[in-house]
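First subunit A sits with subunit B, and in the next complex the same chain sits with subunit C.
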Partner chain A sequence: MAFSAIILTIGAAFLTTVALTVLTIVSATLLGVLLTIASILPVSPLQKTAAVYIQVVRNTPLTIVFFLVVFGLPQVGFVLPFFPFAWLALTLYTATFVAETLRSGVLSVAVGEVEAARALGLSWHQLLASLILPQAARSIVPPMTSNYIALLKNTSIASAFGVLEATGVMVEMVNQNSSYVIQIMILTAGIYLALSLGMGLLGDLIERKVRLTR
Partner chain B sequence: MYRHNTLSSAFSLALCSVFMAAAASFSTALHAETFPEGSKMAQLSKAGTMKVGTQSQYPLVGFQSFDGYTGFDIEIARLIAGKLGIAPDKVEFVPVTTSTREPFLSESKVDMILAAYTINPENQKVVDFAGPYYITPNSIMVPKGNPLKISKMEDLEGHKLCVPLGAAIVPYIKAHYSYLSDSLVYFDSSAKCAEAIINGQVDASSTENAILAALAAQHDGKLEVITSIEYRPGEYGVGIQKTDDKVFCKWINKTLDEIYADGSWAQAYKDTLGTVLSGPVPNPPAPGGTCR
Partner chain C sequence: MKQNALFDSPGPRGLRLIRIATLIWVLCLLLIGAYVVWRLDARGQLAPQKWLPFVTNIKLLKFLGDGLLQTLSASLVALVLSLLAGVVLAMGRALGLAWLSLVIGAYVQVFRGIPVLLNMLFLFLGVPLVLHLNISAYTVVVIALLLYNSAVIAEIMRAGIAALPAGQRSASLALGFSEFQTLRHVLVPQAIRLMIPALISQFIIIIKDSALGFIVGFHEMTAKAQNAALQLGNPLQTYIVIGVVYVAINLAVARMSHWIAHRKTHAASGH
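Up next is the complex of A and B:
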């Protein structure tokens, strides 16, 4: 296989990687926000459930999360194709990091502001929507960007579980072109790097737009 | 009484291992040849230890468990090492994957690789192969009872066929059974493919039938190998670093001939693959590889 053909094949495989990353950013952020809300609302069972979920999943290696989702769920009768399964595994895992990052943002909101809002008679719903979450979101852009960059690279684990994304195609290419092993790996790493840098730049841009001047 | 029993069995065990160790060192001392100065054999023989890259997930071929490594590749590696005067426990096994094999050899991270490593023209560009020491066709594995009634490759069209990522059969399937190109599902090991079949997530799996037979044996009664489908016989070779003089390569081939002749190859087969593959011990293939 000519090297130009290899570049095209790997480039095309990154479409799957990007799709998996973008979809997971959306779903993991949604789930992460829900987990954060659950962990700050003054409802004890909700708080505990969220805390246990976050601690258990966050501290489990992603490969094991994948294993449990891809091979465990079918054992209890829940079967999906491999791409949605990978999306689910990545979402369950990444959401815990999103939630922890968001919680740190929530903690950075001054207690006095919350007390003032309560004194003014704002409901918990209003408090969350107009005071806590907007402020929390602004202060956590850099660490959240790191979470999403980690996610981009984590999608490579899907290659071991039935989803042929960039890393999987890289392995295929390496095996069919033994003379270009190192070049193919450097090429793949280079594309990951370019995507990560792009996400970092985007993060910087957003941070500058939303930064609070205190 | 109980205490006495355990003591005496512990004692006889210890005695046994002393005898075995003595026997082993005696036999290696007996067989140790003298090797040309500066050759890979002389270097390994002098070191008294060697690193062998192997598969770690394929039962009966190359498999890592709490008891260490077992399998046909492991046995053959130990037999080769023995001819260098290296005791079986001095052979260090290093797990390799389909993508780390070539770099491990070129960077001298391992001295040789026996890892269900198929000799093919693409690999031969970057590594030397001694052997082959075993020939296995590729076959198809399905759930027990063969619900889709698969009896030839054409029957798989439109169904999901699980293959190990990076396997040599992938380009072969795409070239010869192109109608299956969209059916392929990739996992990083045949062991995961077996799980996926049992879960009903894929319909079949393909790789060398030695590995399939071993996996079927491991998942007692849930899988079956369709032995009537055989394609692309794979020659397992001993991968070694590419050299100009081919001295090590030729020596391994000579050693393979010796272990064919003295019956130790057949014994290794009987102890491992022979426990699941039906039929008599096959005739070992004539070594040739890339060192002619």
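Up next is the complex of A and C:
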């Protein structure tokens, strides 16, 4: 295979990586928000469910989450292709980190401020919209960016579970083109690096946008 | 506990709402649980012969235990080496030599930005193909973990050094210590103590990442589980058992980190 063809093949595989990352950012954030709400509402079984889920899943290696999804779901009646399985495993895992970040963001708002707002008669809705969420949003941008960059890197594990994303295709290319091994590896690492640095820059940009000069 | 500020102590209406929500959620959990048990049972996944080997089959337990030892051994070696390398990198960056800071900064950026699995595959595929050397799977995993975690620990240490009061460095320099001696005897020891909880948490990440070793043929716990599941025909049960072992180890490590952080704040506040 000519090296230009290899570049195209690996470039195309990165589209799968990016798709998996973007889809999981959306779904893991949604699940993370649900977990955060469950862990904040004063309903004890909801809190406990969220706490147990978060503690168990974030302490399990992502590889094991993949194995459990791939071998477990078919047993309870869900048989899916590789890509949705990988999406689901990444979502279940990443959501726990999103939830932890969101929860510490909400808790970072000083109790005194919340009490002051409530003493002033702000409704629950006003409290959330004008006090808690804007402040939480500021403190969660950097850790959330790290969560999403970790997710981008974690999509590489899907290559071991049948998804032909960048890492999987890289292994194929290395095995088929023994004369370009170093080039293929540097190319793949370079694109991963560019993507994660790009996400970091985007995070910095958003942080600067939402930052308040006090 | 802090969350209570978000809600008033519930009145009669609030209490009723909470009770209804509790009831609904408990019902939901029971329904989901019942469905899962029903499906698993229909598929024969709850059969004793699928679970009992983990209690009765000594050979299986020894097989998986060997894997656990490999996991712990590779993780510990990677942790210790990453600590040493991370401290050296952070010191190199704090010395104030522009070219050295640039090189170390680039190293940190590169290895934090690419997947650990990619490091493993580079070593696993690249070393034999390009350098024509044999490299054991254990070495591949340890070096890959070292490359990533030394970069992360270098950043943790840098934050630790930056968090120390500026007077520490000034005082040390005023006493005639060189930049290197200041780092070696004054700043780094304090920064390490400050960052112990963060460093222990990094151990959890290393243990979890070591499970990637099965992809490059390292016979750690996940790889052994894969083998065992293939022979016994009980993948679901095997991965549940292995998952429980990982969670137990990681929770223990996390608890240790909490305990140390807690003990430290007590010591700092005058016993």
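Definition applied: the second predicted complex is superposed on the first by the 196 of 214 C-alpha atoms of A that agree within 3 Å, B and C clash if a C-alpha of one lies under 4 Å from a C-alpha of the other, contacts with A are read in each partner's own complex, and residues count from 1 in each chain.
The definition used in the following text is that a contact is a pair of C-beta atoms (placed from the backbone, for glycine too) under 8 Å apart; a residue touches a chain by one contact, two chains touch by 3 or more.
What you see is a predicted model, and the numbers here were worked out from it, not measured in a lab.
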Specify the outcome, clash or fit, for subunit B and subunit C once both structures are aligned onto subunit A.
-> clash
Using the touch definition from the top, say if A:Asn59 reaches subunit B (first), subunit C (second), both or neither.
-> second
Between subunit B (first) and subunit C (second), which, if any, makes contact with A:Phe3: first, second, both or neither?
-> neither
Once the shared chain is lined up, is A:Ser44 touching subunit B (first), subunit C (second), both, or neither of them?
-> second
Touching A:Phe161 in the superposition: subunit B (first), subunit C (second), both, neither?
-> first
Count the residues of subunit A touched by subunit B and by subunit C, then name the partner with the higher count.
-> C
Give one of first, second, both or neither to describe whether A:Ser196 is in contact with subunit B, with subunit C, with both, or with none.
-> second
Could you look at A:Val79 and tell me whether it touches subunit B, subunit C, both or neither (first, second, both, neither)?
-> first
Just subunit B (first), just subunit C (second), both, or neither: which does A:Glu172 touch?
-> first
Subunit B versus subunit C as contact partner of A:Ile182, first or second or both or neither = both
Where subunit B and subunit C land on the same part of subunit A: residues 71, 75, 159-160, 171, 174-175, 178, 181-182
For the complex, which residues does subunit A have touching subunit B?
-> 70-71, 74-75, 79, 82, 159-162, 164, 168, 171-172, 174-179, 181-182
The answer for subunit A against subunit C in the complex is residues 40-46, 49, 55-56, 59-64, 67-68, 71-72, 75-77, 107, 111, 114-115, 118, 127, 132, 149, 153-154, 156-157, 159-160, 167, 170-171, 174-175, 178, 181-182, 185, 188-189, 192-193, 196-197
Could you please specify the touching residues of subunit C with respect to subunit A in the complex?
-> 2-8, 10, 18, 21-22, 25-26, 29, 35-36, 39-40, 43, 45, 109-110, 112-118, 121-122, 125-126, 129-130, 204, 207-212, 214-215, 222, 225-226, 229, 235-236, 239-240, 242-243, 246-247, 250-251, 254
In the complex formed with subunit A, which residues of subunit B make contact?
-> 98-99, 102-103, 122-123, 125-127, 162, 165-168, 170-171, 185-189, 192, 195-196, 199-202
